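Same chain, two partners: subunit A is paired with subunit B first, then with subunit C.
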Partner chain A sequence: MKHILVIDDAATVRLYHRNILEKAGYSVDEAINGIEALEKSLVKSYDLYIVDVNMPKLDGYGFLKEFRRQEDVVQSPAIMVTTESGNHDKILGYAAGANLYMTKPTKPNELLSYVRLLLGEVAE
Partner chain B sequence: MAFIKKQTSQVINEDERKTPRDFNGLCVELNHEDSKVRRWAVRDLAEQLNASSVLVTRLEHEDDASVRTAILNALAKLGDTIAMNGLVACLRSEEAALRNEAIEILKELPYEVEPIIDGLLTDADSDVRIFAVNILESLRHQHVEQWLIGVIEKDPHVNVCSTALDLLSEVGSELAIPAIEKLKARFPDEPYVCFSADLALKRIEEGSR
Partner chain C sequence: MNNLLEQFLSEARDFLQGIGEKLMQLENDPDSTELMVELFRFVHTLKGNSGLFDFPEMTRVLHASEDLMDAVRNGRVNYSQTLADQLLEAMDFVGSLMDEIEVTGKIGSNHLVISTELTKALRALLDTPDAVNVPVAIEVYTEDALTVKGISWSELPIMDLPETIAMGLHRCSIDGETVLWLQYTPEPECFFKGEDPFFLARQIPDVAWRHVILNNSASTLAEMDVFSSQLVFQLLTIAPETELDDLLRYVPDQIHRVKIPALAFVKPSGSSTDQAIDDDVIDSVLALFDNDEIDALIHTINTMLELSSPELWSSSALRWVLHLIDAEPDNKPAQRILLEAFRTQTAPDWSVLTPPIVPQHKTVSAPIHVNTSEIPDTLLRDFNVVINTQKEILSLPATSSGAWSAGRLKAVGATLIGCYRAVQRPHEIEGIEAALNIALTQNSPVPLLGWLETSLANTQELIFKGEPEPVVASLAAQPEVKFGRRTDDARGENAVAASKTLKVDQDKIDRLMNLIGEMVVAKNALPYLANRAETVFGVRELSREIKAQYAVINRVAEEMQDTIMQVRMMPVSFIFQRFPRMVRDISRKLGKEVELVLEGDATEADKNIIEALSDPLIHIVRNSLDHGLEMPEARLAAGKSVTGKLHIRASQESDRVLIEIIDDGKGINPEVIKHKAYEKGLIDEATLERISDQDAVNLVFAAGFSTADVISDLSGRGVGMDVVRSAVEKVNGTVGIESVAGKGTRLFMSLPLSMAVTNVMIIESNKQIFGVPMDLVVETVRVPRVQIRTIKQKQTTVLRGRIVPLLSLNDLLARNEAQLPNEDDEFATLIVRVHGEHVGILVDDFRETVDIILKPMTGILGGLPGYSGAALLGDGSVLMVLNPRELI
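After this line comes the complex of A and B, so read on.
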């Protein structure tokens, strides 16, 4: 089973993503900000990260930049999910180390197709 | 006999205030190349009633995170119109860390935020409206629920409404139920809105039992 870490300060968003992902057969953990996500990523290896941008303490860009610097941690792919749709934010997301960028509100099918794509589960 | 000046040893603390602590001296130090000197200047300017303007100007090009945090805290302490405008301007920053820091500080200023929140909640920029809802998250003010109901009743942007709805599911009462049901009907094709509306309604009903 693949393990996914959902990082978002909004409890409802975390629960929404958890429901979608668990129904599709993934194991899900949650983190409420970038600091907690960094701590969790050091003790458990995740196959994928779903990362919000605006969070207190450490935002999504900060998390990804720091995470990508960790040489002894498996560098799994990350989807950045945010309310901001501006091109500038996308560029920042990719520069920080995101593999894909999604604009909220996410649709279940769209989220799952991106997850499967990054996990290499898309049929040839 | 020549006088020999007595040598004294003096330990100079790096953070020691080195120039007079009057307003003009602090303004000079606010632009010093050493971030520690700038940080001390900010901390002392927070005690000066007319300091908001120079602090806001410095904030616009300050790149040291600790000095920036000190400026934001100083503006919160000063709390006048110029200081509040400076904090609000951070919500339009392209830097997420600065925006989030400003949001966290504005959450702690319920009575200073009250006169400006309506303007923020109806700002032309939907991102600013979302950040305004974020400010309401832990704002200890009696009108929070009413402000959130107003958002989900009127705001045309799904993400602004979703953010307000998330918060209403935590702080909402039975007063919010009609607005939540209308919101669900307004965005029937948005799975997230339907999910969070159902969750909010369930929590409110459970809370009222």
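After this line comes the complex of A and C, so read on.
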């Protein structure tokens, strides 16, 4: 089973993603900010990260930047999810180490399609 | 309601609370960027959450609030009182929507108007119109694109726009705005459905042009049905489609909308004349055009314009040429078509205009190939999005993107591998891995990028040829990138998102508490059992073992009880937190200046107590603001500071919570109170003469007493302090007041920490046992028969120099029996304090005191005011607990 870490300070958004992803058969962990995400990602390797931008303590950019600097971890793809759509934000995210951008609220089908692609799963 | 919605509501309330608090704090510290950032984050997250559901009314208001806060955060708009008021109002609206969702699960359709108004008001505060509207992608509608969308040039609506508007819209289109043509045909019966087509039509934002036509199927005025709508609204708007979707979501079937390509606006208008422009002239103009002598062309056109009347079609066309040269200098084909149109003096035919102008920002020029593979279109599209994104990432210049860490390269590699695997091209993976390894050794994205480009060129079948995605990558001139924006929020007040609390349904806690209560009672049966083992069955060893086991169970049960009490404990901040807002609102309404000081809001008490405290406290605070604190002028005259002070303080004193509300207002004048009470018949003349000042002040708690001469919106609505007193007494609390005229008033409430366990004294009367709450019992005495006097047919006795009225419990309970004295002819008397007076209750005998879990009586028995409830005793019998306050 593939493990996905959902990082978002809003419990509602976390639950929303958890519902979608678990229904599709993934195992989901949650982190409420960048710090917690770092802690979790360093002890367990996830196959995919879904990262919110705006979070207290350490935001999504900060998390990705820090995580991508780590040497001994599996560098799995990261999808950045944010309401702040706009070119500038995207560049920030990509430069920090995101691999894809999606705008909130994510559409379940779209999210799953991208998740499958990033995880390299062949669609039935 | 599904769990997601529940989660949303519960979290959203926290956010609303947080937003309110931050706004309050901002009022004291308007320059704090930290608060501003926090506030923005709250609004932002709330908006994001609401977007998960179909609550457009809510999302719209939140969106406007977010934009406003964003502007404030970035310093584009200054924080002001009006702004705070507006935001608070918006949040109140959102709160009311949530209440509705909680009850009905959805938002009714009646909020659209308020929502729109609030949005408008919020947007109005963003007074700087977003001038920095960077065009994202230039979408050019060619004939092809139109055909793809099922519309051809000939089907475009016929618009007779004034030239200036048409030119403006054309320029908007060129600048990347989407111009939409809307035709709204209300249902003929719409008036009977309470719809207002005019209102809706006027709600549509950013309208550039509109008009109304009559869709009257050829009838005379006399035949017209005035009760059915025959209107057709037509308008052109540049509002975002999402906004329109929201607005028109109730009438989607009555809307016809078409995206208007830029060139459709280029349509000269005016009167044609036979005095057409000479072919020679046209030829020479075209020659100038073909030779790219644009300056000369413009000069010639200007000369021609001067020579001809401005109303002519040809003049209009000439102006359009100038406009087109200016607006779309590179669109030579379009300019040429327009010039050619001079020959025929008819509107230019744009449909011949191919090929399209390729947007300059496109990074991917997608070669058109037929997709022969069996990969579904949607997957292919998503695959292309991801791959192109990786390409974009790899092309990021190192300067603006920070260093290329190995992690980022690996992540891109992992993404590519995933994608190729997902589209069943596993043989590509080796190539990716090889390229990644080279990239890692060179610490450069170039090898990966090279591989990707080669691979894309070789696998044309993987390129999606549907609608081109507006991929934009204008990478030049990106400002310096900053990472890891930290907001310092180690302090507890930012705990909304960070606190690790578990939200539990109150019912579950109550159930748990009941069960523990039952266990405590069940446990109490063990000593009886031990007793029986010894006395009835004569097994002493068993009795001792039962007692030993009882000690263990007793300890665990008590701990459980303690713990569940802890769970039910809540800080008083739960009710305190609403005061800043309330005090602010009220004081502003009254024109008073008030400084509110809250102390000890971490003090905890049982949830029931806290909840019982809430209403009285609000009442008291309102009273203080309305009657206690003076107007600024009066304060100045009295030699006080202009700003009144209101302290609300909570503290714990042994097993009670003490709440004090202190103001430095005008205080209570005992003389006024006395006379008022006398006028209302609450006291007689004799009392009026000799009542002490303190007792006079206490009269405010008497039922039916209200000093307010004018019933205001805020206080004095017929309920007075007596309501406060009874509410507090209901939870076994006491309330008192101290006041110094001219200096201020101190009101205090003392409440038990917890109501769960009640200490009662068991008494016996008429061969029955009853409980009396210990906190009412002042003392127990045995009164000899000889000391009982009868004054005015009432039994009384003198106890420590005080006259104490005596009542017999049997009489109170309407049992026609005399109380039984003991062998020394003394009556067991319970002295209780009721409404500040000592009263003696004669009973037959006293028993021990016990801790019980008092259960209020329900059903028919609930109507008996003389009892506060019932409890189970250890031996399984039921103990009725009396309520002396009501009984006497």
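FYI, the second predicted complex is superposed on the first by the 121 of 124 C-alpha atoms of A that agree within 3 Å, B and C clash if a C-alpha of one lies under 4 Å from a C-alpha of the other, contacts with A are read in each partner's own complex, and residues count from 1 in each chain.
As a working rule, a residue touches a chain if its C-beta (ideal position, glycine included) is under 8 Å from a C-beta of that chain, and two chains touch if they have at least 3 such contacts.
Model, not experiment: these values are computed from the prediction.
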item: Contacts of A:Pro108 with subunit B and subunit C, given as first, second, both or neither; value: first
item: Touching partner for A:Ile32 - first (subunit B), second (subunit C), both, neither; value: second
item: Subunit B versus subunit C as contact partner of A:Tyr94, first or second or both or neither; value: second
item: Which of subunit B and subunit C A:Arg116 touches, first, second, both or neither; value: second
item: Partner chain(s) touched by A:Tyr16 [first = subunit B, second = subunit C, both, neither]; value: both
item: Subunit B versus subunit C as contact partner of A:Glu71, first or second or both or neither; value: second
item: Subunit B versus subunit C, judged by how many residues of subunit A each one touches; value: C
item: On subunit A, positions contacted by subunit B and by subunit C; value: 10-13, 15-16, 19, 54-56, 59, 61-62, 83, 88, 92, 104-105
item: Of subunit B, residues touching subunit A in the complex; value: 94, 96-97, 99-100, 103-104, 126-127, 130-131, 134, 158-159, 162-163, 165-166, 169-170, 190-193, 195-196, 199
item: Complex contact set, residues of subunit A against subunit C; value: 9-13, 15-16, 19, 32-34, 54-59, 61-62, 65-71, 73-78, 83, 87-88, 91-92, 94-97, 99-101, 104-105, 110, 113-114, 116-123
item: Footprint of subunit B on subunit A - complex, ascending; value: 10-13, 15-16, 19, 53-56, 59-62, 83-84, 86, 88-89, 92, 104-108
item: Residues of subunit C touching subunit A in the complex; value: 3-4, 7-8, 11-12, 41, 44-45, 47-49, 51-52, 134, 136, 376, 378-379, 382-383, 385-386, 389-390, 392-393, 396, 400-402, 405-408, 410-415, 417-424, 472, 474-475, 478, 481, 483-487, 489, 494, 497-498
